[in-house]
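Each of the next two complexes has subunit A plus one more chain, namely subunit B in the first and subunit C in the second.
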Partner chain A sequence: MMSILRPLIIIACLVLVWQIIIWLSNVPHFILPAPARVAEAWWVHHATILGHAGVTLLEIALGLLFGALLGALSALALAYFRPARRWLLPVLVASQAIPVFALAPILVLWLGYGIASKVAMATLIIYFPVATSFYDGLRRTEPGWTDLARTMGASRWTLLTRIRVPAALPALASGLRVATAVAPIGAVVGEWVGASAGLGYLMLHANGRVQIDLMFAALLTLAFFAVIIYFIVDTGLRRALPWQPDKLPTEQEE
Partner chain B sequence: MTNNHHQPSDNPASKNSRADKNSCAGISLAAVSLRYEGKYLFKELQLDLPQGQCSALLGPSGVGKSSLLRLIAGLQPFEPSGRVIIGKNQAQLPGHLSAEIAYMAQQDLLLPWLNALDNVTLGARLRRQRPDHARARDLLRQVGLADYERALPATLSGGMRQRVALARTLMEDRPIILMDEPFSALDAITRLRLQELAAKLLRGRTILLVTHDPLEALRISQRIFIMSGRPARLSEATLPEGETPRDPADTALLAHHAELLRHLRAADDDSAFGAQQ
Partner chain C sequence: MLFTHIRRVLFPALLIFLLGGQAAQANDKLTLLLDWFINPDHAPLFVAQEKGYFAAHGLEVEMIAPADPNDPPKLVAAGKADIALSYQPQLHVQVAAGLPLTRFGTLIATPLNTLLVLEDGPVKSIADLKGRKVGYSIGGFEDALLRAMLARHGLTLDDITLVNVNFSLSPALLAGQVDAVIGAYRNFELNQLAIEGYKGRAFYVEEEGVPSYDELILVANPDHMDRAVLRRFLDALEDGVRYLVNHPDESWELFIRGRAELDDELNRLAWRDTLARFALRPAALDRARYARFAQFMQDQGLIEKALAVEDYATVLE
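== the complex of A and B ==
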């Protein structure tokens, strides 16, 4: 009961603080609109907002799918093939020195104003946390398990598939959680640079026409869906890894 | 023997297969040297373990007991001048894994995502063989966990987990068992029970047991080696008469215990002196 109530209370408090700031500072509505005004804008434009949200959600979902797949495959290749480790790992690490956001204009130039450039952007952002955390997990297999498997006559391949991969799944899961949290950023940044649809596009457009209430409505919609996606992924991962203790001892006391 | 009476049908068969393997399953080390960070842990070490007996290896921490065990298991490379002979293999290459050895470590090393039964049959799946579930169930029954085959390791107590590990070791059905402090993480009573269970179920196999518990060594082994110094040497301690597992309250055993403790304390001083040099 409290677990449902608590987020609602937190949201109510934040909205209250927002309203108090409006009352106290008396800022004009084109700088910071009041919560009621944003709600009204959302209601008036909800068809438009949800239509654009659908595009952004599709970009996030596809980005997550491709980024997670590519990241997991890279981690497996790095863990299994020594040459891959020697040649690809430095490239992978060095590639992170390039800010992915700086690539957004190039991606739009190459892949166009449609959904492809945003999916590519989200994929790039998601790829790295997934690849590094899964690879880290694969590298840190409990040495005792490796020893035991070797005395049992395991091949390198069965050691990977039967022991190292399942053992690294919790690490992959935390990578996926980070990826899910940053995925909306990738999609929205892509939309800011150049797009014809999506919540990022809508926000930029509304900003340009000083429809700040609409911009806030779009922003809050994006935040809402980001939280929902994170919640779905997190719950799914917990269900998939039931042996993984996912609570800290202090949390269990409650 | 008495405990196996109620299952006469499969007893002779398993005994025969064990005897066949045992006929050539001793361990022999000749001039084995191992260096760690440039210093010799042991140098030109000699050790012969007769087949079918349990030998205990005692000694101070860090003297190289576990390294020696891992070396015999083929998990630890050593200097090429030495030779490890396991069973019928004439000379084992450093770092070569023998198919005659099963390894049991201090931690149970159960995979947390597999239930007890799947953990017991892990070896078969790692070798891409069809797991023999009937035998695995029988072994779980023998270690007293018949009702826990679907249980995940996290739901089992430390003693139960180590019993699953024992069943997994038995499932491999190897003539040689290497054990690295297998019961040291357990409480005293659980430890005594598991020693008895292991002594009973592993009888007839060649066992090398690394332990830091002299009582454990006295209870379940036929020979006791003490490893000390750097580079380490091996010396043999005497044992009381009688069948294993020996009664921990037996006066002869307790006398040997006192003697062994004195011996180990001397070995510890020896090693401390060696380490300072």
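== the complex of A and C ==
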């Protein structure tokens, strides 16, 4: 019962805070519209919003898939090959420092204005959290376990696959959680550079046409789906790693 | 006797003269938000600044370039700045959406928007756009403009594919990803193509079925505007336009003074092509022309109802 009520109460509180901000600060409706106006805009345009949401959700899903795969593979390569660590790690870090608006036009030029460039942008943004978390996890294996394995005659490959990877799975899970949280940003940023569909496109379009209510309605829809996706991924990861304790002391009493 | 005279009369007179002079020199401050990064479309403003015309009219104008062209009118409507450079089509939509804005002056009195194609491309006339891809930037009213331009040749928007290329209009056209782009400015993108060694062909929107409009206008919040101060601003701006028209080469030097990053070939070519388009009388208003464009926007479904011109445009006496 509480698990359904709690999110509703949180949402109600946030809407209340929003309305209070509007009452107190006298901000004009074309900069921050009131919740009622946004709700009305959502109701009037919900077909359009949900249509665009579908496109963005597809970009997020594919970006997560490719980003996670590439991230995991890179981390494994870095953990297994010493030259890779020396040469690839700086490139990995640099890839995150490049502002996206510089890369996005290049991606669009190579991959066109269809969904491929948006998925590539999302993949780029998702790739780093997954790669670094997994790589850290692989590096930080308990020394006791690695020593024991070596005394038992394990090769580098067996050490990696039987000891390091399973021990690093919780770290990978953490990376995936972060990736899921930033995936919507990746998809939307990709859309800003050149798209004809998607919530990012809808937000820009509404902003240019001074339909701020619609812009916020699309924004909130994106936030809603982002939260849903996060909880799905989080639950899935918890089920996949049942042996990893992840409860804090007070929760264990429940 | 003479020394007493100096002490009693001349010194106080001198003091009053100096102090009085200081008080008279307190200039009225204005914040002006440009529509985009500094470019030759803003020439008269910078000429007025550099030649001291604003100071001569007792004004101190701070010009700020925004990152997002949609922000300046909103900020002026919210009372955070005095003047914004905006676009006439956007003004109609903004006022219809309830923003408190009014146009009090014009900077560029002609449209700059064009439908741009490559000279040796497949599109020789607008009718050739059938079945082709047209690139555009979000935030303009490109679909409305295209609808009007296509209608003249018996086409509708369903006969073309619109692709949002978001500001990289020339690269998309050159890379062949689109066959035409709308939203390209005749003084900019056309020259950009020429610099890359390509010849572009421009279809001017006002020649293809769209009523003429002002591309760059000056807007203020009618509830906060100081009409006397803004009138002096327009006087100084008119001085800037006058100097620009009479001395274009000296004006260029003033434009790039202290802004060396603006001194490149594209800006030089754009400068030359923009000179004929500045409003020679920034304060003047042609009501029928504005009403005609408002009617066009209503016919295209961009606004529900064309408002009375007094509701969004004013003449400062």
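Throughout what follows, the second predicted complex is superposed on the first by the 238 of 254 C-alpha atoms of A that agree within 3 Å, B and C clash if a C-alpha of one lies under 4 Å from a C-alpha of the other, contacts with A are read in each partner's own complex, and residues count from 1 in each chain.
Convention: a contact is a pair of C-beta atoms (placed from the backbone, for glycine too) under 8 Å apart; a residue touches a chain by one contact, two chains touch by 3 or more.
All figures in this text were calculated on a predicted structure; none of them were measured in a lab.
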Fit or clash between subunit C and subunit B when superposed on subunit A = fit
Please indicate which partner A:29 is in contact with in the superposed arrangement: first for subunit B, second for subunit C, both, or neither.
-> second
Partner chain(s) touched by A:106 [first = subunit B, second = subunit C, both, neither] | neither
Figure out whether A:210 sits in contact with subunit B (first) or subunit C (second), or with both, or with neither.
-> second
Considering only the touch criterion stated at the top, classify A:11 as touching first (subunit B), second (subunit C), both, or neither.
-> neither
Measure off the angle at the C-alpha centre of subunit A toward the C-alpha centres of subunit B and subunit C in the combined model, and quote it in steps of 10°.
-> 150
Is A:73 in contact with subunit B, with subunit C, with both, or with neither (first, second, both, neither)?
-> neither
Looking at the superposed set of three chains, what is the minimum CA distance between subunit B and subunit C in Å?
-> 50
Spell out the part of subunit C that touches subunit A in their complex, as residue ranges.
-> 70, 74, 77-78, 90, 93-94, 97-99, 138-140, 162-166, 168, 171-172, 175, 177, 302
Could you please specify the touching residues of subunit A with respect to subunit C in the complex?
-> 27-31, 105, 108-109, 112-113, 192-196, 201, 204-205, 207-212
Please give the residue numbers of subunit A that touch subunit B in the complex, ascending.
-> 142, 144-145, 147-155, 158-159, 162-163, 166-167, 169, 241-245
Show which residues of subunit B lie in contact with subunit A when the two form their complex.
-> 70, 73-75, 97, 99, 101-103, 105, 107, 109, 111-113, 122-123, 125-128, 152-154, 172
